[in-house]
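Each remark here refers to the structure printed beneath this line.
As written, the chains take the letters A, B, C and D, and residue 1 is the first residue of each chain.
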């Protein structure tokens, strides 16, 4: 398929490369052009502007936050204006439920398709084509997008005909990951203060009941206190908790752990942690237990 | 080895049976004698009293709470009095760090060994010999107990020379499981109120980043709202959070999610939930979201 | 002084009446005109539109939320367009810090003055001219507004040259009131479940260390379970906690009790409490303690 | 009346002196005898041991915690043994509900009376006879004790025939004070980080809706960051929250702010704050907001 790709950050670069590798005709665009160079080497065409990247059957957007995606879609010369009728915008960014609803409505009015397909996985998984993809939208559109989604991930989950449900699921998933980070941070502060070797403790957890990738990945980062370079920066984690809380507020669902996480991220920011990985939230329990000061971005 | 076993509840019955199956000479005792009958059929000898069960190289205790174990150990005719010098008390109950410290000190004074070896796993795992065993105590004693521990579990983790560390690790583990229950409860209240099929959602979680047994087991119970019969009763879960908080208080470690869980268990009890499985805590977020009333014990 | 007044709800009606009573030349406007009638009887002139209400030295706005005030100020024919150069907009609504900043900047550009002067007090206090007024803005403007502010309140506190600081202070004050509601709710659930007479308990509190109006007012409402009619409706309280949290997020200040209150308001809404007074938040602790179901709006 | 007084700490010394000043025949005892000297000058007799202090119609106990009071009452030569039949033990210490129940039962068996009469007020109030006294017990006994209670406080509240209810009320009151400390700490971190003068802010609060002594006293300590010398030491505040939570657990009442306070006290202890006044809990919000490090005991 002919497919555009907008946004070549840590995640998008790997995703676009995998689309090219799978034989799709990929045309990429990024605000700072230098990031497009490796993609050119990987066989993608580099677009001069968003309009050019939209001359395709489908165009992906993969950007940091609501503001960035909103601008790329709604600004003059943006996706909404440039995408041909009948083509589909595939939004993989972790955006708010409300913005996904706006996109769905705007694209429908413009005679364009819209599929929301946020992904689970860190940059390494994006590079390896091992993401998990959550897709929602009109079944016909999701099916049409499947060859593309299969190229970027190891498995695609079609969840709903309502696009924004995929975003809610993605936000809830990041909330659950943050719960793992916080709970591990608390448990390790507890056993660590009693003198237990934290690496050995993590080995026990992850070879028994907690044998899931999230425990291994985030537990390892907390044990090592290795929060740089940031695979997923703290302000992005903070944003996702904010968006989960916003969706929950609209649905009238109290989420006490999410509220706690909100405060944790604020404490991390107030302590100068905006350059750290979001797993640094897992270091706050140890700080509060008097064990060690919070790491600062270097 | 010749080994006594005190406490034939949902967990102990399976553990004692597996000791017998592994060829050890097992002599069992339980307060209500009827529970010993199946063990007799499985080849164990039934003791007339605790004293008789202690005529062995080692004696396990596996009881519901501090009070029960304290009485079995310290009462007249109890383990401390009856166990021969040089024999070892293996405590598998989930007890407080403070009580494990008391046992360690009392047995040492009496010339007896003490190994703390709490286990992870629900009754099914106990029956199948698939428990995970956390062991702590003098290395020589832990090594001597290993054939017994290997008979009841799929893997033994030797964590420390200080017995009560095993109890702290066990309590922290149950705290982490309760974190999973609460976080899943919140996430499912959120997506469920938006109309997502919760079973499909759980399938997505557990086939991706959350592929650990705890997510499958507890997620399944929450999705089905099936909190009876109780594999691990709510008051026991409440007790473990209480003991984790007590240990944390002594170590001066704030544990905000544990504090939340404490309140959740109280709300569950106040709503008449003492007969439910502890995973019913995962139904409170849905109750607070106005989705469904709390299940009551039938 | 000649003064316009926009917004004649439960609070604004009393404030405008007191301005008239103090001898000022008052011209009022309200979206639904019927609410202006009592003011006409009290000596105020009724404006045909916002533009007419702005033909004055100063114009008050007193509306329910950001959206309402934003529209009244920024819409075509609104305050920003209609207010003469050199006249001052006095904003008494409880709005966000961010919107107050927008107003300050827009009015400055238009050559108009801006004073932020939110008030503390319920409708009875507004009617009696007993409000407490928090004022912030250029000292010259605040001084010029003082005769007006003194007419609506028993005391005016000039806090800062930056108008939005008054809004932050107001939001923090409502947060503190909500803390009183929640803490009284918890304490009363505790002693109430033990059989203590809650009215006698409140009498003890308020005649000793807690002899402040907020304890008397809100404690009384909680004791009686009298949440209707709503003097200050739950959705407005929820909004204020939301705005306090938004301001705190921008300033990177974790506020754990505010996070708890956020969840409490959501639980209240989810239980059908949008028609109740915000003090109904103080009934949730009793609900969680199994004491009594939540009151529903009748 | 002839009255014994056991425990001459910061609170007890003032209370015993006021009993003497009111014309009662007071005989005092304190573990470290040196503290009895000022009382001797004030006209009290100094007892050689607890037994001697109990030769009276009533004996007060005013000690730091459950352990101290338990020992003074139950040890050989203690109050239970020494108090004549028909005489009354008046327990003014802030002890657990459970211990008050034990005392009530033990004294009843011994033919002695028991009145629980914890007090509100800091050492200055104890010295000035300005305490508030909460009394519970058999009405006849409370009435008989009234001249004594009136001598130590400005007002006595008879709450219940069940002595331990007075302790529950006292604990709930200290919980409410701690809520004030925490909520003021949060509000001041918020407005303080925005540049508001915190003293001026407190003046606004306490001259309007929050005109109660607790806001003035604790707000002032937080504004000044003056947590030494400790009028009421942090470990005592921590103990009271612990006892309130214990009573709430037995009654099955979730108390989310009390849970937060528990964690706050642990964080304060972990940061070396055991020598500070309990109002130092109000400095943790500012610490988490990155404003200032926690004060340490000097």
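By our rule, a contact is a pair of C-beta atoms (placed from the backbone, for glycine too) under 8 Å apart; a residue touches a chain by one contact, two chains touch by 3 or more.
Small disclaimer: the values here were computed from a predicted structure and weren't measured.
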Next on the checklist: Tell me the fewest steps from chain B to chain D, where a step is a jump to a chain it touches.
Outcome noted: 1
Checklist entry - Taking contacts as defined above, which has more of them, C-D or B-C? => result C-D
Checklist outcome for this item: By Cα centroid distance, the chain farthest from chain D is A
Checklist entry - When chain A meets its copy chain C, do both sides use mostly the same residue numbers (more than half shared) or mostly different ones? => result same
Checklist entry - Once you find the CA centre of chain C and the CA centre of chain D, what distance in Å lies between them? => result 37
Checklist outcome for this item: Note: chain C sits from chain A at a C-alpha centroid distance in Å of 39
Next on the checklist: Can you compute the centre-to-centre distance for chain B and chain C, using the mean CA position of each chain? Integer Å is fine.
Outcome noted: 52
Item to check | Contacts with 2+ other chains: residues of chain A | outcome: 248, 252-256, 260, 263, 266-267, 270, 288-290
Checklist entry - Can you list the chain C residues touching chain A in their complex? => result 242, 245, 248-249, 252-256, 259-260, 262-264, 266-267, 269-270
Checklist entry - Which part of chain B faces chain A closely enough to touch in the complex? => result 120, 132, 134, 155, 157, 159-160, 162, 165, 168-169, 172-173, 175-177, 179-180, 182-184, 186-187, 189-191, 193-196, 200-201, 204-205, 207-215, 244, 247-248, 251-258, 260, 285, 288-290
Checklist entry - If you look only at chain D, which of its residues touch chain A in the complex? => result 263, 266-267, 270-272, 288-290
